[in-house]
Structure formats: C-alpha cells, structure tokens
Amino acid sequence: MQAVKRVEIVVDTIELDRVLALLDKVGVSGYTVIRNAEGKGHRGVRSGDDVTRVFQNSYVLTACSEEQVGQVVTALRPMLKRVGGVCLVSDALWVMH
Amino acid sequence: MQAVKRVEIVVDTIELDRVLALLDKVGVSGYTVIRNAEGKGHRGVRSGDDVTRVFQNSYVLTACSEEQVGQVVTALRPMLKRVGGVCLVSDALWVMH
Amino acid sequence: MQAVKRVEIVVDTIELDRVLALLDKVGVSGYTVIRNAEGKGHRGVRSGDDVTRVFQNSYVLTACSEEQVGQVVTALRPMLKRVGGVCLVSDALWVMH
Amino acid sequence: MNVGIALENFLSPPILFFFLGLLAVLVRSDLEIPQPIAKFLSLYLMLAIGFRGGVELGHSAPGGQVLLTLAAAVAMAALVPLYCFWILRRRLDVYNAAAIAATYGSISAVTFVTATAFLDRAGIPYGGYMVAAMALMEAPAIVVAVILARFALSKPGRDGSASPAPEGSWSHLLRDAFFNSSVFLILGSLLVGVITGERGQATLHPFTNELFSGILCFFLLDMGLVAARRLKDLRTSGGFLLAFAIVVPLFNALLGIGVTLLLDLGTGDALLFTILCASASYIAVPAAMRLALPEANPGLALPLALAVTFPLNITLGMPLYLALIQSIGN
Amino acid sequence: MNVGIALENFLSPPILFFFLGLLAVLVRSDLEIPQPIAKFLSLYLMLAIGFRGGVELGHSAPGGQVLLTLAAAVAMAALVPLYCFWILRRRLDVYNAAAIAATYGSISAVTFVTATAFLDRAGIPYGGYMVAAMALMEAPAIVVAVILARFALSKPGRDGSASPAPEGSWSHLLRDAFFNSSVFLILGSLLVGVITGERGQATLHPFTNELFSGILCFFLLDMGLVAARRLKDLRTSGGFLLAFAIVVPLFNALLGIGVTLLLDLGTGDALLFTILCASASYIAVPAAMRLALPEANPGLALPLALAVTFPLNITLGMPLYLALIQSIGN
Amino acid sequence: MNVGIALENFLSPPILFFFLGLLAVLVRSDLEIPQPIAKFLSLYLMLAIGFRGGVELGHSAPGGQVLLTLAAAVAMAALVPLYCFWILRRRLDVYNAAAIAATYGSISAVTFVTATAFLDRAGIPYGGYMVAAMALMEAPAIVVAVILARFALSKPGRDGSASPAPEGSWSHLLRDAFFNSSVFLILGSLLVGVITGERGQATLHPFTNELFSGILCFFLLDMGLVAARRLKDLRTSGGFLLAFAIVVPLFNALLGIGVTLLLDLGTGDALLFTILCASASYIAVPAAMRLALPEANPGLALPLALAVTFPLNITLGMPLYLALIQSIGN
C-alpha cells in the first residue's frame, strides 16, 4: 500500500467539467464523481430538487500524490473563491494492484 | 489549509431531516448529502430498491471544528442508538478560499 | 469513539456483488454503497451515461478493524488486478452507540 | 366460488405481469425497474384513480349512503388495528405489534387499483366515492396504532421493562398521516376531477383512462420484483406471522362484507370496500412507523404485507370476495 | 376582462394541478416528483410542442408576416433586458441586475405550453411558427445581459470598485445560449415535424397530441411543488424585486400586445407573442448565468421567475392578455 | 435498391430523431436524457414488442416453418461468432476477439424494433414469432464466444503467453445469458400476449400499440446521443475494426437473406430475420463479457456496435435488405 492524498471536492454540477479539466491538467491518475449531491454552505441550501441544474452539487474524489495536491489546490482555490464549494485533503493508503 | 474534522454519517433517509436539523443547531458551516445510499449493518440489508422509502440510507458529510464534533457526537449518539446508523470522524485539511 | 479503518472501494457496478460477497466473507460489520458513481482511471472514462451498465462505477465504504483490513486487501487485490478499480484505506474514529 | 372468474383474473395481464416479476427474481434475472420510474408509475396511478373517481363522483350529488360508507370505512380502519394489536401481542413486543397492526388497518392503494381494473374487465360498475373511502382509510390506523403503543408502554408491560415513549410530537405524526403523499395526491386529484368534471375528462381521458391498464401492468411487474425480493425475509417471520398475514385479511374481508350488507352497497362498491379492509399498507404505514416507532423492525411488517397479503388479495382474494358478495346478494 | 374566462382557466386541470403542488408544500406533505421524471416530462413537452408546431408550420409556406413576427420576437427578447437592467441597477449590483434582466428578457417554455393548452380549450387557433418564435427568444437575452455586464464593469461603476470581467469565452457562451437543450430540442423537433408532416403526425399523434394535456398536468403539479419551495426565498427579495416581478411582466405584455397590433397578428398568435414577452426563464437563463456571471446569486432571480411571475402569467395573465387583445381587436 | 424507400426511411420520425441526438452531441448541446428514463423507455419497448408479438402469435398455431425459423435463428447466432472470432484474431488478442465476436453474433433489440416500425410504415406484415426469434438470438453468441476463448486460451496462443482461464462458473454464465433482463422481459411479455390474446390486447392497446412510435422516437433520440458520445472512441479502433463493423454486418445480412430463401419466409419475416443477423448487441453482450471476460476492453466493442453498425443498419441497412429480399422474391 502506498501513501497518497485523498482530495474531496464539492462544487456546483454546472462547474464540474471545469474541475475535471483542471484535474486532468494536473495529471492525476484518476477520479471518481458522484452527481446529485445536495448540500448547504455559505451560499445557502442547494437542495437539488429543481427543474434547473443550478442548485445541484457534485462530489469528486481523487487520490493523488503530495506534489499533485499542491497543484490541484493552487489551481482550484481561485475557482472556489468565485463559484463556491469545498475542498478537503486527507491521508490514505492506496492498495496498489 | 486549515485542520478540520470530517464527520460522515449514514442514516435512514427518513431520519435525514432530523440529522440535518441537528447539524444546523450545532452550527456547522455546511454539509453535503448524498441520498440513495444502500447498505448493510446490524439491522440487515438496506437495498434501497423498495416502493417504500423505508430501506434507503443517506450519506452526510460535514467538515467542522474539533469543538463542533464533540457537540455533533453528543447530540447524535442517542439518535443513532434508537434508529441505527453509523458516524465516523476523521482528520482533514480544508482548502480555505 | 473507537479507532477503525475506513476502506473505500470504487469498482464497476457489475462487479459490485462480488465485492460485497467478499466483504461479507471477511465479516465486516456493515458497509454503505453508492451506485451511479462515474469516474476516470487507467481504463479510461466511465461516464455512466450508457444504455448498458458497462461504464458505471459503484462506491463502497466500510468501517472495519485493522485485522479485517488486511483480509479485505488480500482478497480484493487480485480482483482489482483483473477488473480494475481503486481501494483506499484511511483512519477514522467510530462513534459507538 | 366461481372458478372461471378466478382463473380469468389469474390470466389477466396485470396479474400475469405480477407473476412475471416474481419469476424474474426467482430465476435471478437482472431485470429491474429504476426507482424513479416505480415512483412515477405509482404517482400516476394515484393521480389517475383520484381524477377518475372525482369525475364520476361529480355526476351524482353525494347522498346519505355515501357519507355513511365513508364513515364506515374510517371506522373499519380504526377498528382493525385494535384486534390486530391484541392478537399480535401474544407473540410480539409492543413496537412491532403496533406497527403490524397499523399495516393491516391501513390500505394498499395498488390493491384497490388492481381491483378496479378487475371490476372494469368484469363490467361491474362502482362509485367514484370509493376512491375517497380508500384515501380516508390510509391514515387512521397509524394514529390508532401509535395510541395503542403509548398506552401499552405507559403501564408496566408483559415484559416488565419500562420502555421509552414513542418518539415525535402528535402534530408531526398527524401531518405525516393525513398529508402523506398518497393520501394527498389521491384526494387532490379527486377534487380536480370533481371540479373539472366532463370537460376535464375530455382532455385528460387518453392519459388517465386509456393508459391506465398498461401502466398498471408495468407497475405490477415491479411489484412482483419487489415482493419476491422480500420473500426470503419471510424465513425469519415464523409460522405465527405467516398465518396472521393470511388469516387476518380473510377475516377482515368477511367483516367488510358484513358491513357492506348493512350499508346495502352495490356489488362493485362492496368489492372495493371489502378489498380495502383486506389489504395491508406497504407504503404509507412503514414510513410513518419508522418515524413514530423506530424500535419496530420494518423488516417484519413489510414482507408480510408485500409478499403474502398483497399477492393473496389480487390473485385469490378478489374473485373469492366477489363470489361471496354475489352469492349473498342473490 | 371577461371574468368567466379567467375563472374557467382557474378551474382547468393544468392550473388546478399547479395549485395542488403549491398546496402540498404549504401543508408540508411529503409529495415529490423524482427529478429524472420532472426532466423527462419537460423534455416530452419540448419535443411534443416542437413537433406539433412543425407539422402545423409545414402546411403553409411561411410568408413575410411570419418572418417579420420572428424578427420582432428576437428584437423583443433583446430589448427587454436593456430597460430591465437599467431599472434593476437602481438597487442591485451589476451581476444580479444582468442576471435578472436576462431572466425576464428570455422566455418560459412551460408558460408557452400552458398558454397553448389554454387556447386549445378556448378553441382559438394559433400558428406553428410561434413555436419557432419561442425557441428563438430563449437565447438573445442571455447574450445582451452579458454584454451589458461587461460594459458596465469596464467603466468604474456606481459602487466605485473595479470588478473582474465576466468569465468564459464568447464562443462558449454563444454555444450555451443557442444550443441549450431546450432551444435545441424544440427547434429540432419542429424540423422533424416540418419534414415528416402529416405522415409523421399520423404515427405520433397518440404520443405527441393525446397525451399532451395529461403530461402537462403532471408537470404543472411538479412546477407547483418547485415554485412553492422557492416561496420562502422571497422573504429576502424585498419589496422592490417583488414589485419588479409583478409589474415588469405586465408592462412587457402591454408592449407585446402593441407589437402584435403593428404586426396584425391573429388572436391566438397575439396571445402567444404576448405571453412570451411576459414570461421569465427559470431553466436556460439561470444555468447560463451561473456559468457566465457566477457572482450573481441564482437564489435571487429564480424565486421571482418561478414563484411570482410564472403563477401570475398562467393564472391571471393569460385571460387578462386575451381579454385585452380581444377588446382591442373589436 | 429503391432510392425512394431509403429516402423515406431516412426522413421518418424515428430516424430523424436519431440524427437529432447525434447532432446534439456534435454541436455540444447539453441535451441529455436521464438514465432511469432511458432504461424505462427500453423496458417499455421490450414489453410492448413482446406483448404484441405474443398476441399475434396466439392467432395462428405455430407450424413447422415457425419452429424451423426459430432453430435457424439460434443456429445463425451460434455460427456468426465462429467466423467473426477467426477474423478478429488476425489483429486482436483472444479476449477482445471473443468479446467482439459475441457482440456481432448476438442481436440488438432496438434495431429489431426500429425495423418493425419500418415495416409498419411500409404496410408489410410480419409474424409475432419473429419476436421469439429475436429473444432466442440474444444469448447463444455469448456462450459460444466464451467457449472459443477458453479453448483458445487452453492451448499456447499466438502471443505465446499462458493466459488465465475466463472467470466465473458456467452456471452463472448461462443464467446471465438466458435470464438476461431483455431476454426475460421479451419472452415473458410474449407469453402474456399469447395467454391473454385479444382480450388483453383490448385493454393494453393504447399503451403497447398507440404509444409505440412516440416512445421509439424518444428512445432513438437517446440512442443518437449515446452513439455520438462513443464516436470519438472510434479514433482508437483503427481501420481494421471500422471495416469489420461495416463489412461483417452486410455479410451477415446476405447470409441471413440466403437462409430466409431456404426457409421460404414472407417479405416481412425475411427482413426481420436479416436485420437480426446484421445487428450487433450493445446491451446484453457487453455486460455479460465484462463478467465472463473482464480482460476484454468494452471500449473496443461498444463503439463499433453503437456508433457504426447500429446507425448503418437503421439508415441504409433496412431499405437495402428489403430491396434485396424483394428483388429476389420477384
């Protein structure tokens, strides 16, 4: 098992493509996306029950190396500033296969 | 980046409103909810494939401070005792923006 | 609160039953499943938007003991080798009730 | 009992699709109906049955007999949980006894809908007000069962232990019971039907009437899948509960037939009244019980209602009750 | 204004189901329509209205008046945001003023569809090209509003602060605006209707025409739920915005009626043109604004469009505008 | 080949909606059909085609020719993978060769359904038993391909490496193949159709028949989206596989036409038989292969079946095969 960083990102579904493009650019080995996440934060309740896609979040999980985390965070921060959302970083072990 | 506690809660979807009300009361800055989680635990398989909402779980993630975790856990524990479910606490860094 | 291991597994939904059978065999106390996860990895983009179930992932979370993690990883590794997917292990505290 | 009618019911599309669903699970096919679709189909059935009932109801000013029937329906829904609770307490704790009592006191809208399709095929008319009776029968059993549980828990029980009182405020419980989505949608659509009458019917007919049988078949296919998945839970139910899930509906049906005789209902209305008494809820009640009595195990009540009582009612029950009603009527 | 027509509209199934949805939220029923179903119903409505418009359009060679009407529609959609922005800037920052201006310049397809059902019930004919007008009116307001925002931000604003320029490339914005799923599906289905004409209509009639009213009712039930959930957001809107959401649509409708007089449109076409001017977008625009002007708060524009302007238009608006058009016509 | 028929097919609503879906992806519209809806539409098509076939089948006692046709269908489904595997092994490893061979030996139910709509438009009758033929052709290719893979892997292969045997037990594989949801639903609904016959048809007609074209159009819109999203995967397929995906279906169609001549089938049945031979599976087979041969890359087989062979068959294939059958018949 190899030590990696778990990065969790919650953003508007409408911004999802931009976030994933950013991850691709940094070159992470992969990511997992769960759409239809609801939530509450500084911009109020996002209950996902709308006809429009405007109030729906997506959850992104990527396991990457320490250096990549730095790049992801640097690239992501201005975006989160503009459009809101959350990014958490934690430690994990990756079961290599 | 700021050190926070990641709290993950899995409960019956039918109890979700109560859990969120509890988080609001403690005053966490936000949370993310994923409905339609399935699972297995002491109360058996909850496969989510029912006409009724009774066998469906929801997953809640909230990042909060050390003190808030204490309050959340204290408030949540009797509820989990009555209605089942799981609560995990781990460490993370929050990318401030 | 009791120290446990959080094991996160992302695999093809079509392999989900095998993964859960494996967890049952190891004897974990429970697990939570989120279907409809999308993702990208070594085997390319899995966008989940297909008529077929072939490009869809599921996310599995289980909290278990240190010893169980060893067994889960040992049993899972050959499977991940064949069919792809990701397994991450991290630390957490379980709110006992 | 007329074997011909039973066989014909058995071989009608809705019942056959229900069995197809059962079979799919038994042979372990990967057939499944996505959850949002199942929800949609059931909303459709509520909306359509409500609207059609409302249109029909609008034709005739509701007389005394209608009001009497509605009152009798509510009374039955409140009465059934009483003796069910008493029976179930022989073997079960207060929580589960109350939850199952509520299940059998309340009704299954899909059973009702299947019975209307059965009557349609047999060419037997029925009154739109029976839809209102159905909606009114959903909630009372929930309230009665929770009262029973509180009462039983307030005095030192058979098991001697002091149990905590059921959770949640009454106002919350009553709202859950009476503004439950299916009660609300059925009564709401009924009202729309009454108000818009023939004019509304004219534009909605293809949707609410012509599609009805097809959607019902599709939904019963799903019910077959869902019921079959619960079949294995029955292993843990034990003989007592299995017998309960067969005998009590039949008894309730007989009671229901008795009431319809007193009320002097027509054949169609009598069958619907009877099937409501005999049916058990697997939507509104389990959800309400989960909130009001979380100590009760939904894995106990649901398989009985879904995998025993529901199939019993729609296969053998409907023709049997009809035969009884007709033989008494003659 | 003919009170009879207003009342009759009020008591028609689509509007009643809308109120039923509102009521469900107010009494806190747990009624909800799964999201994929709501999406499906709205796709159905776009496809059906597009196809039917196309078939109708295929019958008559589009003459000069049709092209003039389409041009007028686009012009209105580009003009409305200009004065809306100017009004809104009295109280709001550039971002939110631009976002709300775009919302009111663009249109609501469901309002349009509800108006066609209203005309159908009243037996008033309308041209298939109005469907094209609707689709063409979705996008221009988005583009105009973003230009306004950029222009306003490039010079030191009222608030004195230098704000960053709106995000995203123009090509991206234009694609989002003009190939937006609803624009695309409506125009595409219209084209299929034009091409396949009566032959296509023959096979699709039960789907696109007969089911239409039923699906519309179901969808409006959901719109009622969605609108009611946004009602509480209005508390933070303040009187200025509430007044805006009532007065501006009425003003736009009057302007629209004026244009239809100049164009000499028939009653049905005039009503549809008017309702397009009066309606506000809650699907295409909020999503486009979220991407182009993320600083704008969608929680401001959406409740106005959904919970004020939409109900206003489909309940009082339609009969009022029709009465005005008819009284001027005479 | 009659250009008129080809053009008319091209300009029919189902095919146009398919192209609309393709176009939506090409212009990067955000149009998308929610997954549960796509699943629902496809379940509807299976149920409806099965039921209708069953009703039709119930009219005539199945004679010797019917049984012969069914046997020939199964034989074709088992034969095609043999030579496909042999061809594909020129360039591909055992796993992918077997997976693609299974894909082309099996069938596409949506292609079949589209062909029945094509025949309906042309007024050409066909037998209900062809629906059974379709269902029977889904599974055999899966079994044959897995046998081929095991056989090829047991001897030292072209690539010299000893590969692990395909995974999973045979009983599991056979169950997956034969109780696959689409096989199960089609055959089950067929049985319901046979049993309930005209009486069942009478109640289900609006659902299973009248809605059919509309739902097919909606589903093909989604197929267009799905196929177009796979188009870019074709870049990695290379010329060999592209040629395979065009030439082999045409060859299979010719072979199929030959068989229909031997069987002396009517025009409609012959076309359906031919299109079954020519079509490639993108639902049952990829899922089965994923489980039985996880080393195969579904990103190779799926784009060929979905984005090349499927469009080929429903646009040019159907009229071409019909023209051939008719010219030989005369």
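Chains: A, B, C, D, E and F, in written order; residue numbering restarts at 1 for each.
Just so we're on the same page, a contact is a pair of C-beta atoms (placed from the backbone, for glycine too) under 8 Å apart; a residue touches a chain by one contact, two chains touch by 3 or more.
Just so we're clear, the structure is a prediction, and the values are computed from it rather than from any experiment.
Fewest steps needed to get from chain C to chain E, stepping only to touching chains, is 2. Common neighbours of chain D and chain E under the contact definition above: F.
Here C-F and E-F were compared by C-beta pairs in contact; the pair with more is E-F. The most distant chain from chain C, with centres taken as the mean of CA atoms, is E. Chain geometry summary: the mean Cα position of chain A and that of chain E are 34 Å apart.
Taking each chain's centre as the average of its CA atoms, chain A and chain C sit 19 Å apart. Separation between the centroids of chain B and chain F, computed from CA atoms only, is 45 Å. Shown for chain E are the residues that touch two or more other chains, namely 32, 34-37, 39, 206, 210-211. For chain A, residues touching at least two other chains, in rising order: 34, 36, 90-91. The chain pairs satisfying the stated touch condition come to A-B, A-C, A-E, B-C, B-D, C-F, D-E, D-F, E-F. If you check the complex, the residues on chain B that touch chain C are 8, 10, 34, 36-42, 57, 59, 73, 76-78, 80-81, 86-91. Every residue of chain B that touches chain D in the complex is listed here, in rising order: 12, 14-15, 36, 43-44, 47-55, 82-83.
Note for the complex: chain C touches chain B at residues 1, 4, 6, 20, 24, 29-36, 61, 63, 90-95, 97. On the chain D side of its complex with chain E, the touching residues are 34-37, 39-40, 43-44, 47, 51, 175-176, 179-181, 184-185, 188-189, 191-192, 195-196, 199-200, 203-204, 206-208, 210-211. Interface of chain F with chain C (complex): residues 32, 35, 38-39, 42, 167, 222-223, 226, 229, 282-283, 286-287, 290-291, 294-295, 297-299, 302.
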